[in-house]
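A, B, C and D label the chains in the order they appear, each numbered from 1.
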Amino acid sequence: MARDLSVQIGSLTLKNPIIAASGCFGYGLEYAGSLDVSALGGVASKGLFLKEREGHPPPRIVETPSGMLNAIGLQGIGVHRYVAEKLPELRRLGVTNIVNICGTTLDEYCEVARVLSDHEGVAALELNISCPNIKEGGIQFGCSLTGTYDVVSAVRKVTTLPIIPKLTPNVTDVASFARASEEGGADAVSLVNTFLAMAIDVETRTPKLSNMLGGLSGPAIRPIAVRMVYECHQAVKLPIIGMGGIQSATDVIEFLIAGASAVQVGTANFVDPFIWTKLTDGLADYMDRHGIGRVSEITGSLRKNT
Amino acid sequence: MARDLSVQIGSLTLKNPIIAASGCFGYGLEYAGSLDVSALGGVASKGLFLKEREGHPPPRIVETPSGMLNAIGLQGIGVHRYVAEKLPELRRLGVTNIVNICGTTLDEYCEVARVLSDHEGVAALELNISCPNIKEGGIQFGCSLTGTYDVVSAVRKVTTLPIIPKLTPNVTDVASFARASEEGGADAVSLVNTFLAMAIDVETRTPKLSNMLGGLSGPAIRPIAVRMVYECHQAVKLPIIGMGGIQSATDVIEFLIAGASAVQVGTANFVDPFIWTKLTDGLADYMDRHGIGRVSEITGSLRKNT
Amino acid sequence: MAVDVLAEILTNRALSRDYNVLGFAAPEIARLARPGQFVMVRPTSGNDPLLRRPFSIFEILRDDRRQPIGVSILNKNVGVGTSRLYAARPGDRLSILGPLGRSWLDVFADAPGHESWFVAGGVGLAPFLTLAEHTAADKRPMRLFYGGRSQSDLYYASLFEDLGASLHLTTEDGTAGEKGRVTLPLERELKARGGRPVTLYACGPTPMMRAVAALGASLHAPTVVSLEPVMGCGMGGCYSCVVKVSGADQHPHFVRSCLEGPVFDAKRVQWEALAH
Amino acid sequence: MAVDVLAEILTNRALSRDYNVLGFAAPEIARLARPGQFVMVRPTSGNDPLLRRPFSIFEILRDDRRQPIGVSILNKNVGVGTSRLYAARPGDRLSILGPLGRSWLDVFADAPGHESWFVAGGVGLAPFLTLAEHTAADKRPMRLFYGGRSQSDLYYASLFEDLGASLHLTTEDGTAGEKGRVTLPLERELKARGGRPVTLYACGPTPMMRAVAALGASLHAPTVVSLEPVMGCGMGGCYSCVVKVSGADQHPHFVRSCLEGPVFDAKRVQWEALAH
């Protein structure tokens, strides 16, 4: 059967809908020695500020039931070293780079976007306005509707690259943030970032993370993330990149049915760095079994119970 | 060592801080044939409206990684049958009854509260303003600050029983709802109710729950719930009853350290209906090992990382 | 009264690639159990999966002096929990909670002079062995109508024969017994029974039970069915396991099948409201 | 390059109530592994626990013709994941990913004429056996300083003796070897070594490694330590495993120990910034 795994996110074409999630795949090159990174639908880079950042002291992660908390604190090399040290090799490998960008001010987002727009090899910008574990990680934008609108429309003015604000789940009505993104001129939205959470060592009565608060990811959050993708799909026309706890092809398909056009996989990559072919094979198999020719036919195809 | 497990929630004294969560322990009598229900700190009843309710058609639950979704739809016998058929036996057994009450209008909450206030054997009222899976389950109050204030202050006028609004986690800033409850005259707050979520059967492309949406509970949500309890403890003076994914004494203590004065256990009771003595024994053992005489010394005792 | 036992697995007999029988050391449960009751088994001590799974009590295990030492379950591997139980090893310990629910015998008091006919589909055989032992002790005539997809689905029929039951086996592929559905011989035998009063007991896939209920109604045989809804707790705590049945007032209500079932008078069941 | 192998467990030798050695059939990893590298083992195929756990490669397992057929790990049961590995049974299959990280040999190129002294605390022995084999093949003199709480913590010392290492054993309770910390004989021997150049390799509890690093610095022995931070992925993906080390610019930076470690020149390590 003719079956096509490629998907369209605005003007961006991905060879398949399965993307490595930001902060969970380094800059992509870390994995290039062990697997073919260009075979992924895309790689969302570790979040980049204008400058280098040290991040939080360890412990930075703690495991929780079917999930994990992280408070990495956006350690990173900054956008200038990224374009100098990482991008050329990523281009050479043919990786579809979705660069995750952060800022403490509107100007910083715009400046990072400008630098990236000046270089070949960037496929899209994912605006991280939702990192829960640093105060200046954009969450001040991501938890306010006007803040979201402002950052999206500001970045819109400085780049022709597709822009994809990444929404936080730590809000009452995520769909309204998708709407604000749409109005601001976004090409797509991605969701969810992690859930603000904490864990305490009861013997010492101290937080298990040096930063006290961290972001919950992994299979634990999947049912909430699926619901949020569904709500956004009802609310906006924008393509949606869904994520949160995906660890199998079935999970990928669940997000697609709920309304996602593509998905990202984060925590599951830690457990199984070779998960990618399993996911695309499983999706292809599903499409064959159900006589589906294009991934977009699955997107938003939820039937109501009778 | 002299060690006392009792806790004070406003004017209410509980023999220990461990309460069966609403909707997870029937009306209490279901378990009376197998265990001593009066040994629990308290029993939060299944949510009660004024009238009987049929609830949603099955399937009503679905398991998810380290958690479960439920959309029971508040099936229940109504407050009148509760006081006639359940309360006398519960009183005879010496159960501390925290009656979980629901309403579709302010008047209904008040009327249910009045009926319960007229009967002996009710220790406190838990105001369910947070059931995520029925439209008229009070969530219209629980997701609005003025709605929360209104329902708490209205019920405050009709009863002298301790009132404990139960907060939803599906909001941006749960602490503001604790504040609204405090201003409305609540004696304590309890949190968290379940997280709005969904799961899809990818083969049929239909929701796994007949109601489509359900509430996520169980260990999966614990780190988010602990964070929310911590936030509320920072924001209000009211005692807090914490819950969400507790399945061991360590988890109980984690909530206490974060700021809870007592806790509720829901999903874990399904897995282990004899969990109660394990939890109180584990708490007692912890207090002995740490030289703690009263549970209230643990409440809010989180130390910051240095 | 239910007890929870962290029970050692005594035996795990694989019957095929997807059926096995697990024996648990749980004398407390074995002593309390009545025919048709069930247990909630925790497939692991961890969280994956989180919830217990309901299983009919298959056998009461006894020692040489016929003292109850445990129970077994007949497990069909259909998913995450049952696959752990398929792979469990003797010596492992798993929590099992029971006995739970009502017994077949709670639905109809043994009607004098009635024959007991059991109608089982596949793993639906499980709740019948204890009932057959009870019926044999009563010296009441019994028959087993037992259907499966193929020969390899039909286990343990000989145990029933040993207890004095006459057998009517069917398979969909004809590899054993009569070819076709189990309702075929059932209908034939019901029609041929003359005036003898018969009570039907059925457990298996929902469509099969529904068909048996219809036969029972039209051919005047009181029918009891053992339903298998999803169950979160087994103790009446969660209200997940409801089935719609008509009450004393003749109106349909959702009732918890872990408390009021899993066995029901088939006449009360609102079949169209069942989840599957 | 790392590979992931769904490896059959060949052997599980329990050494005590909390130590065991698990052998995995993973020839691909065994062929690639270099001394001091590690693997990420998935303790179950399910989600409890979710993440893999890092373990030093203890032995390279070989068949009769000395062909590599797998690796073993020396496991200390300290929590949920390691307890599953303690209880694992031959025939079980677990995913193991590796080899990962840098080798001891990547930190200092073998300095000509240097003696190799290994300093191990408890389960910190694990990354030394492969190094000892390498050192023996090089015909370089070596010693093992090996400390534990008591005799039952000191395993496999004889393997090192067989390879030609001289042993300095210590226990805190005096049940074997010298009584006291492993740094006691180390300091004595370092001081007594005359002009002989020595490289120290240390793995064990952080305070021990820190003490060894201090001795190495003051007594002029280059020191390599193998750190054990919490690791989420082992591949450089998550940035959880950072340790603060001084870089080429002499400024301290967080670097990922799964990529730049787990072995580090002790001089670079900012001990006060370590998580424990």
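FYI, a contact is a pair of C-beta atoms (placed from the backbone, for glycine too) under 8 Å apart; a residue touches a chain by one contact, two chains touch by 3 or more.
Because the structure is a prediction, the values reported are computed rather than measured.
Chemist: Go through the assembly and pull out the chains touching chain A as well as chain D.
Modeler: A chain counts here if it touches both chain A and chain D, which gives B, C.
Chemist: Please identify the chain with the largest separation between its CA centroid and the CA centroid of chain C.
Modeler: D
Chemist: Between chain C and chain D, tell me the centre distance in angstrom, where each centre is the average of that chain's C-alpha atoms.
Modeler: So the centroids are 55 Å from each other.
Chemist: So the centre of each chain is just the mean of its C-alpha atoms; given that, what is the distance between chain A and chain B in Å?
Modeler: Measuring from centre to centre gives 34 Å for this pair.
Chemist: Could you put a whole-Å number on the gap between the CA centroids of chain A and chain C?
Modeler: 48
Chemist: Hey, what residues on chain C touch two or more of the other chains?
Modeler: Chain C, residues with two or more chain partners: 47-48.
Chemist: Got the chain A residues that touch at least 2 other chains?
Modeler: 65-67, 210, 218-219 - these are the residues of chain A that touch more than one other chain.
Chemist: Which word fits the touch map of the chains here: line, ring, star, complete or other?
Modeler: Shape of the chain contacts: complete, all pairs touching.
Chemist: Where on chain B is chain A touching in the complex?
Modeler: Within the complex, chain B contacts chain A at residues 64-67, 69, 143, 170-172, 195-200, 202, 204-207, 210, 212-214, 216, 218-224, 226-227, 230, 245, 250, 253-254, 257-258, 286, 301-305.
Chemist: If you look only at chain A, which of its residues touch chain C in the complex?
Modeler: Residues of chain A touching chain C: 65-66.
Chemist: Quick check: in the complex, which residue numbers of chain C touch chain A?
Modeler: Result: residues 47-48 of chain C touch chain A.
Chemist: Sort out for me which residues of chain B touch chain C in the complex.
Modeler: 23-26, 30-31, 33-34, 46, 54-55, 57-63, 65-68, 70, 72, 75, 210, 218-219, 267, 269-274
Chemist: Give every residue of chain D touching chain C within the complex, in rising order.
Modeler: 44, 46-48, 80, 89
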